[in-house]
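In order of appearance the chains are A, B, C and D, and numbering begins at 1 in each one.
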Amino acid sequence: MVSQPDLSVNIGGLKIKNPVITASGTFGYGNELTPFYDPSLLGAIIVKGLSLKLIPGNPPPRIVETPCGLLNAIGLANIGIEAFIEEKLPSLFKNKTPIITNIYGHAIKEYAEMAKRIESVDRIAAIEINISCPNVEQGGMAFGTDPDTAAMVTDQVVKNTTKPVIVKLTPNVTDISTIARAVESAGAQAISVTNTFLGMSVDVATRQPKLANIIGGLSGPAIKPMALYLVHKVVANVEIPVIGLGGIMDYQDALEFLLVGASAIQVGTANFINPKAAIEIVNDLTDYCLREKISNINEIIGGLKTNGENHEKIGDKKNK
Amino acid sequence: MLEETVLIEFNRQIGKDTWLMGFRSADLASLAKPGQFLMIHLDRNTKDPLLRRPFSIHRIQDRNQLMILYKIVGKGTLLLSSLKEDDPISVVGPLGNGFTISGPHERPLLIAGGMGIAPLFFIAQALNKIQKHTIKMFLGFSTSQEVVLVDQLKGLNIDLSLTTEDGSLGIKGLVTDLLDEYLRQELNKKPVIYACGPTLMLKKVAQKAITSNLRCYVSLEGCMACGLGICQGCAVKAGNSKDKPYYYVCQDGPVFSSEMIDWRAI
Amino acid sequence: MVSQPDLSVNIGGLKIKNPVITASGTFGYGNELTPFYDPSLLGAIIVKGLSLKLIPGNPPPRIVETPCGLLNAIGLANIGIEAFIEEKLPSLFKNKTPIITNIYGHAIKEYAEMAKRIESVDRIAAIEINISCPNVEQGGMAFGTDPDTAAMVTDQVVKNTTKPVIVKLTPNVTDISTIARAVESAGAQAISVTNTFLGMSVDVATRQPKLANIIGGLSGPAIKPMALYLVHKVVANVEIPVIGLGGIMDYQDALEFLLVGASAIQVGTANFINPKAAIEIVNDLTDYCLREKISNINEIIGGLKTNGENHEKIGDKKNK
Amino acid sequence: MLEETVLIEFNRQIGKDTWLMGFRSADLASLAKPGQFLMIHLDRNTKDPLLRRPFSIHRIQDRNQLMILYKIVGKGTLLLSSLKEDDPISVVGPLGNGFTISGPHERPLLIAGGMGIAPLFFIAQALNKIQKHTIKMFLGFSTSQEVVLVDQLKGLNIDLSLTTEDGSLGIKGLVTDLLDEYLRQELNKKPVIYACGPTLMLKKVAQKAITSNLRCYVSLEGCMACGLGICQGCAVKAGNSKDKPYYYVCQDGPVFSSEMIDWRAI
């Protein structure tokens, strides 16, 4: 009999049984998809982005389909961290599969405050920081577009929790390596790449933007090549593990991210199209390893074959 | 709520740009309630269109056949219409809350605009079984070529009034004109309204129902990515709730009691 | 009889009979598509990006398809400006339809030198500067990622020609408005938005990058929402005309860009898929104007209807 | 070179994952030369797959019917195989240079690996009309289920040797094994080689031809976006030219004389 491959990976101290995680905002508060499969079979669950207080979100329309993409302007609607901990968390699966909260604020002290609150909640295994949202104290540019601001947010969260801290970067920057290195230095244990790309869409018939908010974030297969490039670039520039995401629809897409060096992947928009997407990726990765006689998934991570020479174009710090 | 790949049993045009599709699934059929919907994926070898498309459950037959009635409005529905017998499609459902069926002594008034007939046919089927009073229905289309299902509806023992905007069949005008007229004359009958159709039509119906103090259920549409309550895309402004600023059409709806919605925001 | 709508627009002094231009690198040297239609029916032609000397380009594979997108790493292969002027230009259509050369260099003085050379060629109506290429003098970051460098390139070209100068921006920046304002101040008469987005793709079977160059530029429908957002943003931040491009496949896509304020549009990847794409857009725009009773295309440009409030999120300088 | 939307006349499976499709176009047929190719767009209501796909002109019949022979290898070809009679597809062509047909007194040797048979069938047709000597052909597949067109080729009066890698039909081995054997024995016949198939097979054939000092034409594949010489995507390293570092397969090829290519780069 063939033995099962070992799919477990280590994300900055957080050991997960397989590298498949759900992306924030695409898996609800964690148990909405239980009619389709048991979410505790996944590596980890990242729940809907949480803020200090309830946020109603943007007026509709909040989503529009674009070629191979989904443009959303949900407006970070959520019930607030307290309601999540009180009302949602207790009903989530009880086994050891890590639950990760994704948090964001409009000021650095909000991040710190949330980290403190989460620190006291055992069931939450790690914190993912969303720094793609506007920093209202500094003219509304996203926290994640400036290395210093990104580092400050990271630092404040790290200081207020003992749990692993994952920083989720925005792709809408000139040089993602600088931001990645800044949050690494500030103490992040892992980095998620990438959040959505800014975009918009116009209804020609009405001459109005299709989103009430005008601008939205693009996700889905359309962004996969760009996300993959950013992951490759960040991997080459930091020592901490990178979690790759952006347009992953199936295990082959997942493998692309693992090959360029992501230690784990997140499944986002795919959950909407195929509610079983994430669990199918787990199963298909297992089958793939069996077929290819790979006993440990870590053999694949970073296994991209390049002729060295060109590889240098992306990063200078790390050599695999 | 389940996901199943079903084989298309038939898929045929029954009116201008209007198609009827049927497939069998004992599981889906046994769970389905009138007013609920399905998210359908064309499961072809393409990621464009990307998302599933929502369609109301139009009819259930023989306990295991489901039908959807749809109009070609864009690329997803165009692709749907190109599918043939035995082609597979992936269906997620049944989704949403469905209609609250009125008691046997109420007087149901069904109001459908265009494809709004899709879910109302199913509720008409259900009401027909339990209702003492005749079911009244106002059914509107823009023009005679679009008119579908009139014979089948009459078969359900429905007192049907048909309108077309251009007057090419039935009464010239809008279904909401019929409603105005009806309420002027028979408000005392206190009908319970079930409505589905274009959002602006529903707004008129709902506001009329509110001012007339009538119970009224509307089935709303909304831009949906998931249909499962995980994307929060299908928000609609709540009319009454303080701590719930938005409802989600796929979860809290698609059927809402008219006073639940903030109609000014529409 | 209904009179033909006036489709002519003015691009920084260059008046063109309709707003449809071919994008550099997607229309060869200008007459490759003559078997399909007369290119002089278009508003203008932008030819393949030219450098001072012949550039062989990257080894193959140079292109790969991604979901609704095309990833290319042609490596700016071209025959060099001199060969273009001597061998290709004379055989191009003779009427007044403007021919625009797209130029790039690896150092600022190369841009200046090419501008000088072009200045003496009457048949070339304008210059589009590609600043998305690496600046070898400054560590290889693209000229277009830094406002000062972008301004210096622009300045050097403007100083060496009397022809209208269009600067084509790269989307791979944190804040495109800064770059746009910098090149405007440096004397650009118009701005093209956008060049391709950085991306990569991996062949899971061979575990190699699909492009020999590893990294490429993403174009096609996948990028349309992002390109549209960037055009909208640039339009709000400069006074000079903006030419919009990125994923335009048909006249409806073109209208989206015109509505957000582009004065003209370019057709790129679409030429590969439908060799008649550009001329069909001209014809369909004409039909659209007739149908909608629009006598002048300028009525559409910037005609996006927003509720004002949200509009502010994008730009602060201009109010339409 | 033209663009035409044609209706599919037939589209049927003739071997493992191997399909034959026919359509009529008098214009395309009158222009087409052996070795040229078409760029086909599935023209459905989708942008995924995005690009046209290149296919060799496999055969021309009745002066107006064109055929392509194709193998399902990915989503484009899978979609192609799902098309039915009377479905429209947009075809651009004929593209590329085509084969230089040898004179009537030469001894043509055709070497095809797998789908390499697609263009070689057309050239066999053409050679058959003018050739004095028998046309020799080495045809290789990986396994018997993939073998197609053997009867039709024999009908063209071809001296055919068939190989399969697993030995399930014909001679066990590769077509290049046959070539080695043939050249050992009959090099003096100075055959003119026409080859099409996987790139590594072509490399072997071409290098053999170069060292044996034989004329040899190979039909190359390359990743193509346009097929029209405007994207410069289909580059292949030139073997001899100084000022032309790369050839473009769609314009300078797809047929190259073996010494034109830098085979070390492949």
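By our rule, a residue touches a chain if its C-beta (ideal position, glycine included) is under 8 Å from a C-beta of that chain, and two chains touch if they have at least 3 such contacts.
The shown structure was predicted, so the numbers you read here are calculated from the model rather than taken from an experiment.
> Can you tell me which chain lies farthest from chain C, using the average of the Cα atoms as each chain's centre?
B
> Chain A to chain B: how many Å between their CA centres?
Taking the mean C-alpha position of each chain, the two centres sit 37 Å apart.
> Report the inter-chain centroid distance for chain A and chain D in whole angstrom, where each centroid is the mean of the CA atoms.
46
> Find every residue in chain A that makes contact with two or more other chains and list them.
67-69, 220-221
> Residues of chain D touching 2+ other chains?
47-49 - these are the residues of chain D that touch more than one other chain.
> Hey, how would you classify the chain contact layout here, line, ring, star, complete or other?
complete
> Considering the complex alone, what residue numbers of chain A touch chain B?
My answer: residues 25-28, 32-33, 35-36, 48, 54, 56-65, 67-70, 72, 74, 77, 220-221, 249, 269, 271-276.
> Enumerate the contact residues on chain D facing chain C in the complex.
Against chain C, the touching part of chain D is residues 1-3, 41, 47-52, 90, 92, 222-226, 228-237, 243, 245-246, 265.
> In the complex formed with chain D, which residues of chain A make contact?
Those residues of chain A that touch chain D are 67-68, 221.
> Note which residues of chain A are touching chain C in the complex, please.
66-69, 71, 141, 145, 172-175, 197-202, 204, 206-209, 212-216, 218, 220-226, 228-229, 232, 247, 252, 255-256, 259-260, 303-306, 310-311, 313-314
> Show which residues of chain D lie in contact with chain B when the two form their complex.
Counting only chain D, the residues touching chain B are 44-49, 75, 78-79, 82.
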